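Two complexes come next, and they have one chain in common, chain A, joined by chain B in the first and chain C in the second.
Now for the complex of A and B:
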């Protein structure tokens, strides 16, 4: 465990150094990310101004959902997405071989090696706004906050597993340059009022491609609008997806014929 | 245009080799529009600024296909080629980089239109099967011709804007900051997120003089008969003005950029 924490610390330091190397990009990204937050708020008010309620969700519920979504998705985009995109490219270019020879878990190395620290600044800002907004509009007990936090983590785990399963398909497809685009489209589905998904779509969004986990589940917990049974099933499905991603990686590695040798 | 044709042929072969990527691209686009349709299907109101619910759903279906035809999103590929030095092979050879991208992107569009057209057809079929009402399109020679011309303007605008933003990589080794602007502000003003008539009146007025409306919304407005004759003429004038400005900008950036460029590892 200590080895992995040390590695994570080193990855963090290297990523920070890399970002600071491109100072203009870092400063402009931070500035524009605030413009982006304001634009997102305007978009939400315009949409709800036109639509009234959407699937029973008011504008307050939707803003809460969007804040939760951006805090959680920032975590995914900071700590996981950059490495997984590289993972897919490394398979094609043969760079994976080098990682396979290292005495650490392959999934860990291919999931956390590259971090995008700029995005974490925006995430932190959104987290502060979320806290202020949620406590003002919703009565939250410590238990509810803890439960929302735990299910936020589970949501990250579920989306991570789904993303990793998709990236592992690169062992067969070779060049999946649209992986990020597809994942972002899936991701985006999580920021809309969850009740727009009904019937089989709802089951898919909860348990198979758990986009509900990156926004809707913690929001519904804060709103006290979700049953314990659904939460339990969601937790089981995310854990299952995570183990499935590990099993699938092992299977894929057995099929892997290096591209570099 | 011989350069463009050669790159078109090579790019077609390249895409035939990487079919997995194309399939993923298809699902990404379908997913995005499918969710937007679900959002508006579940809206409490049935009348929006200038649109009924069936019209709005038709708008998104049309968008699905037209975005593939009109949106020439080459920002990242251009920037990546400059950052990793692959652009050197164009600088050192008697080939136009701009024409090369026209050829490559055209092949991608051709495949994309077939895929997205099928996708939009399937979505429309599913919606009709579930008794979701769609608005009929009243297409005549006049609005088809005007929409085609507006489409050409839209292609020129998105292509030149993306190309010039990609050329920023000559000066900045990382251009992540451009994403924040490009993928937040432009979809808001171009009609990608929602029709531009949904914007507050002041923003609508400003948007008439910005180039972004002519990336997509203008074509849809013409196709759906949401714009009057005088506004069409004014729209074309603004769009053409921006094309000329973008044209000068890209030429200037290419000249200055290639002078300032230092490729390493080549």
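Now for the complex of A and C:
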């Protein structure tokens, strides 16, 4: 465990150094992220200003959901998306070869070796805003905050596993282009209250591809509006997805053909 | 496994490959838009025998040359030995491990260098990749510094360690790739065309380095290269492979003895002689007075040379082996 934390620290440092090589990119990236947050906030207040409540969610609930969604989304885009996109492309181009010879868990290497550190700075800033907002409008105990945090992590794990499963399919379907766009548009579903999903779609979006729950579940925990049964089912489904991703990778590696030299 | 372990102790075997086969299924598409549309619904697959029943053993400290034309199966064999590819059949043991188990204990003891692929971080100086490898391979600080210093001095790259990799020349980049691959002092090294694209001077530098690394660290090395100079200078033993099959395994001199049908008589004449008289000795490859090159059957070389000296005004004569490239080309052609 200590070794992997040391490695993660190395990946963090090396990624930050890499990003700092390109100053303009860094400045623009931070700027765009604030524009995105402000735009989303304005749209939400306009929509809720007209409708009052949507599926039982008030404007404060919706803003809380957006903040949770944004923090988790930033985490995914910082720690997971860059490496997984590379993973998919490296399979197609045969660049996975040298990485597979390293004495480190393949899933760890292919999930964490490239990080987008600038996004993590925005994520941290949004996390502080979230904390201030949540404590101002919702009376939460330390236990509730911890539970929301744990389920936020579980949501990330489930989302990561679904993303990784999709990327691993590149071993067979080599041309999975625009993987990030595909995944992130699916992930956009997490920005809305999940009560809008009904019937089988709700079950799929909550437990199979846990996009609907990723932002909503921690939000509902903060609002004290979720049953222990739903939480337990959500936790089981995310853990199952994670183990499935590991088994699937092991199977896929046996089919790896590399690319011609 | 027990059998291998026994042989390993007896012969200090490091690599053992028995009846290795690796087949790929590839689909063949007819040309044109029609072919592409047809391939959407129905595809014709073909099995490519990249490696076909290949066996060989390699002892500790050996430096072996893998020779073969493009698509012969050299790189595929190296990839199986590195644990990247799962074989269709056969058994492979490297340092007593099944490579495709991908055990960390095995991965810490070998390295794969591919001339056409890189592991260095493109946007950062090479030293950053070295430090990352230090963490990945858990190299103790003292050992890391000592090895790095030694390799940097041997390859003369101290002044480029802090320059972004993308700004380095191909030669400098290749040297840094080698350092990154050797920092953990691997016992087994797979070099897949390490000199590809390098100029003649840089090829020589790389060859000298590989030779000294093999000697100093006692590392077992498999080298694939299209440059015969690499193989001639570095490898005592070669394995020739074509269409996935092993054609030859032995000392380089063995190929010459087995496959060179002719020898070359290079002569300098003191007087001009008619071409016909030279044709009586052997096949003329070139003749421009006073120099001539004549091919003679290998077994009759001494006899023909003696006849030449007796019958013609020869000022100087040398008997040479044909170039190794020509002999190997001949091996591939005769086995087609």
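We adopt the following convention: the second predicted complex is superposed on the first by the 255 of 261 C-alpha atoms of A that agree within 3 Å, B and C clash if a C-alpha of one lies under 4 Å from a C-alpha of the other, contacts with A are read in each partner's own complex, and residues count from 1 in each chain.
Everything below uses one rule, namely that a residue touches a chain if its C-beta (ideal position, glycine included) is under 8 Å from a C-beta of that chain, and two chains touch if they have at least 3 such contacts.
Quick caveat: nothing in here was measured; it's all calculated off a predicted structure.
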item	value
Partner chain(s) touched by A:106 [first = chain B, second = chain C, both, neither]	second
First (chain B), second (chain C), both or neither touched by A:53	first
First (chain B), second (chain C), both or neither touched by A:24	first
Larger contact residue set on chain A - chain B or chain C	B
First (chain B), second (chain C), both or neither touched by A:86	neither
First (chain B), second (chain C), both or neither touched by A:35	first
Doubly contacted residues of chain A, that is, touched by chain B and again by chain C	22
Chain A partner contacts - residues on chain B that touch it in the complex	17-18, 20-22, 24-25, 27-29, 31-32, 35, 38-45, 48-49, 172-177, 180-181, 184-185, 188, 193-194, 198-200
Chain A - residues contacting chain B, complex	22, 24-25, 28-29, 31-33, 35-36, 39-40, 42-43, 46-47, 49-55, 118, 169, 172-179, 181-182, 184-186, 188-189, 192-193, 195-197, 201
Residues of chain A touching chain C in the complex	3, 6-7, 10-11, 14, 17-18, 21-22, 94-95, 97-104, 106, 253-258, 260-261
Chain A-touching residues of chain C, taken from the complex the two chains share	24, 71, 75, 79, 82-86, 100, 102, 104-105, 107-108, 110-112, 114, 116-119, 121, 123-124, 128, 131-132, 135-138, 164, 192-193
